[in-house]
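Take a look at the structures listed below.
Shared between the two complexes below is chain A, which has chain B as its partner in the first and chain C in the second.
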Partner chain A sequence: MSKWENNRAWFFILPVFVIVAFSAIIPLMTVVNYSVQDIFGPGQRFFVGLEWFREVLLDTRLHDALWRQLTFSGLVLLIEMPLGVAIALTMPKKGWASSLCLVILALPLLIPWNVIGTIWIIFTRPDIGLMGSLINSAGISFDHTANAFDAWTTLMLMEVWHWTPLVVLLAFAGLRAIPEAYYQAAKIDGASPWAIFRYIQLPKMRGVLTIALLLRFMDSFLIYAEPFVLTGGGPGNATTFLSIYLVKIAVGQFDLGPAAAFSLIYFLIILLFCWLFYQALQAVEGGEKS
Partner chain B sequence: MARIELNEIKHSYHPNPTDDEDFALKRIHTVWEDGGAYALLGPSGCGKTTMLNIISGLLKPSHGSISYDDTDVSAMQPEDRNIAQVFQFPVLYDTMTVYQNLAFPLKNRGVAKADIDKRVDEIAEALDLKQDLHKRASGLSADAKQKISLGRGLVRSDVAAILFDEPLTVIDPHLKWDLRRKLKEIHKEFKLTMIYVTHDQVEAMTFADQIVVMYEGEIVQTGTPEELFETPEHTFVGYFIGSPGMNFLECTVDGALALVGGETIPIIPSYADKAMRAGGKLKIGIRPMYVGLHAEAVEDGIAAEVINIEDQGFCKIVTAKFGDNAIKARIKDDRSIPDGKCWLTFPPEKTKLYCDERLVK
Partner chain C sequence: MNLEWMAWTPVTAGFFITIALILIGMTIWEIKSPCVARRGLLPLITTRGDRLFIGLLGSAYIHLSWVGLTDFPLWIATVISVCFLTALMRWG
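And now, the complex of A and B:
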């Protein structure tokens, strides 16, 4: 009797096994399977070992895309983190004005990503777009489809507009969680506004800013829909990020083997960076505890 | 160091206060003498913290003005008033070391490095923080954290006053005694004006020379612990100070006698006369330790029934009832207590009369 009861427990965890298997393990293993084979068609495939990995790792276009991606993510973090904190600090603290700010800031987060790309295509068009025509009428030639710098500028503006609100919301929540007594003590102690920021607000926001940093890094490193819609990776390869290049290989050229190897490397790079960030932040925290 | 004067202070947290109930502080008009050790005593929600924040300048009062040594500081910010305040829960600068925390108020005011070192060293010594001076403040125990908060309040030697807002709430009981004694020593040594908010009468009495009792947004009495105990000026003081609190019975006065539920209690004639002329609702008040309890009928004794005996170790608290009135009496531990029937006496010199809750003088 007791044996039967013990075995029945398996049924309760079965759904989790099934879900995890279908959502993570089976797709991942399929990719691993593809990455070590050369596939010509159904039934026509050859085991090639680590050949695809070698090819992908030596692909200079992938190197370029990786640098582009790192530059993009770096810029995103450098702009969005300080800007988000600055906006959170200057926002109204309570009342209807505060709610209004939060609602307005949250709007970009609610728009589907490909729609964001479309909005910015229209917004920056030199002929009918508000921003594009204004800049061009000021005598500066601006066209994100023709000029690499303009493409990057547009992309960065779009990204900052789209995702800074997330940093603001997290930072604002962190600021609201600081007890009033800290500000009172700082007043009594004669602390300057900078000292209040440096010694009270920033340390108290560290937890939420860690989350913001990791989220913004991962999302910007995986960005696809917005540049795909806005620039399609161009002009030339100027905005061909890792994900765009990956889709070109996998869907455009249908090179499943190299694409699978690429995917796995991509996955490992993100894992590595997240681990590095996390370790760095843990080290900061550890330093404060000791 | 300064003499702090509160002039006709009223404060309400409502934007448009209409009646008395809207005011957290109803009418405060008082003086804190230079170098005094004061305790601000009262139940939760009576306006103690509001008063403290008004003194330090964290809060602007709705009405009235405040001056330090005859200088009106009503419009000044806390940092300009040169005052120190310690809060109920530890407030630390997490990323700083203990030393940096203690030095922070001095550094912000541009004190020379050598003076900072000397002063921090003194305070760390007094609060027993020296061994942790170069550790991060955030990793320490709650006790140590609150000691750092206290230290930041004490570190400036030139402050007008140091305000403590129930600073020992989070501290372990055995350490409370230590720290309170330390504060007292520091007070003696530096002759600083200290105002200590608490709702604990023992804490107030051991710390302060003068206790200010607050009740529903008003100061009801200021005095030494002895004055508060012997002659409470408000029924609330009688009830709040002492354990158990004062006995209060509604009464009427006729000649030199107070009538309580058909029984008579003798009153000093001149005193009874004043009470009669005061003409409000009268109450008779007596401390449990002055109530006489007898096993046999005595002169002026009121026949009563013992209904409860509470043994507190060093004494017994006897509750006796006559008519609808219950009286608590504090009896020495070695005395025997009558079983059931007993007689109560009220020594006239210890029996107080209250007219509309205030002492008849």
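And now, the complex of A and C:
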């Protein structure tokens, strides 16, 4: 009897299966189909095998975009993770001040991504933007539309401003979960602030920081809306990340075959990183249990 | 139902049918003989499904590397991938 009831539960996941099929599996199948054909229009298509994959894999612009993407994600993590932990450590732990800090920090997370890009376009404009005009009035030429370094600086600042709060919130939650007894024991032992951080706070935050690392890597690796609005991939190709380059091929040039092959390679890269991070997370959780 | 927009080809249909058959086969295998997670050649504890996933992902990368780095026929990469997948399922 109980076996039948348990098996019947599978029917309840059918709606989810149908939704996933229509939102993910069928589009993925279509992309695979497109990736092996040269498509001119409805009913006009020719099988080309793995020709588009070869073309895309040998495309130096894709290699450049991949390195740019990895550099961007690496820099973002290098800045956001320590900064997020540092802010969480210095925040008030209790009372109204703590709540106020959390609300203010969460504000950038609530703004739509394309609006973030627009805000930073205006903010960094040399003529009317607060940041742009201030930097230029200090005698430093700053223009994110003309200078690659300025474009990267603006993008990094925008990304850090937008997403560090997520790391802060997660790190703060991790800190709040540490029992007071640990701090009391450290106080009795006369531990320095650094020793408390190194041997109590950091190990206890390991789980949430791994989740923060995963989320931030994946989000920054898939970034599209903000750089598209802010720089459009320029100046030149200086901020053309994988997603921007993919959209240029698929929508700009309407090369559906190469774009489909590119999408599948992009998907495989993300799948690999997801799996590696998942394994890392499992290892961390295993370490915490033991 | 008109599926012309999905642009099916015999090759891609065969690919997805193979994947579907593998998944159905794995499900039946799991029901008949439930798997126990173990540590083999891979430096992590894996279930049968984990090893299949790693094998399929690895096979995709073998094919991509083959296409991107060599001019040899693709069937060699497929043979290597099948051997890799089989070895991983057995000893991984």
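Annotations
To be clear about the criterion, the second predicted complex is superposed on the first by the 262 of 290 C-alpha atoms of A that agree within 3 Å, B and C clash if a C-alpha of one lies under 4 Å from a C-alpha of the other, contacts with A are read in each partner's own complex, and residues count from 1 in each chain.
The rule is simple: a contact is a pair of C-beta atoms (placed from the backbone, for glycine too) under 8 Å apart; a residue touches a chain by one contact, two chains touch by 3 or more.
Everything numeric in this text was worked out from a predicted model, so none of it was measured.
Annotation: superposed three-chain arrangement on chain A; chain B versus chain C shows no clash, the two fitting side by side. With chain A used for the fit, chain A forms the apex of an angle whose arms reach the C-alpha centres of chain B and chain C; rounded to a multiple of 10, it measures 100°.
In the superposition on chain A, A:Leu77 makes contact with neither chain B nor chain C.
A count of residues in chain A touched by chain B and by chain C gives the higher number to C. Legend: residue contacts after superposition of the two complexes on their common chain; A:Lys204 is shown touching chain B, with no touch to chain C.
Of the two partner chains placed by superposition, only chain B is touched by A:Lys187; chain C is not.
In the superposition on chain A, contact of A:Leu268 is made with chain C only, not with chain B. Of the two partner chains, chain B is the only one that A:Ala195 touches; chain C does not reach it. Contact with neither chain B nor chain C is seen for A:Leu157 once the two complexes are overlaid on the shared chain.
Of the two partner chains, chain C is the only one touched by A:Arg45; chain B is not.
Nowhere in the superposition do the C-alpha atoms of chain B and chain C come closer than 18 Å.
In the three-chain superposition model, chain A touches chain B and chain C at no common residue.
Of all residues in chain B, those touching chain A in their complex are 53, 56, 58, 77-79, 83-85, 87-89, 91, 93-96, 104-105, 108-109, 135-136, 138-139, 149, 152. Partner chain C is touched in their complex by these residues of chain A: 26, 29-30, 32-34, 36-37, 39, 42-43, 45, 47, 49-50, 53-54, 57-58, 265, 268, 271-272, 275, 279, 282-283.
Chain contact summary for the complex, chain A toward chain B: residues 179, 181-182, 184-185, 187-192, 195, 199-200, 203-204, 287-290. Chain contact summary for the complex, chain C toward chain A: residues 4-9, 11-12, 15-16, 44, 53-54, 57, 60-61, 63-64, 67-68, 74.
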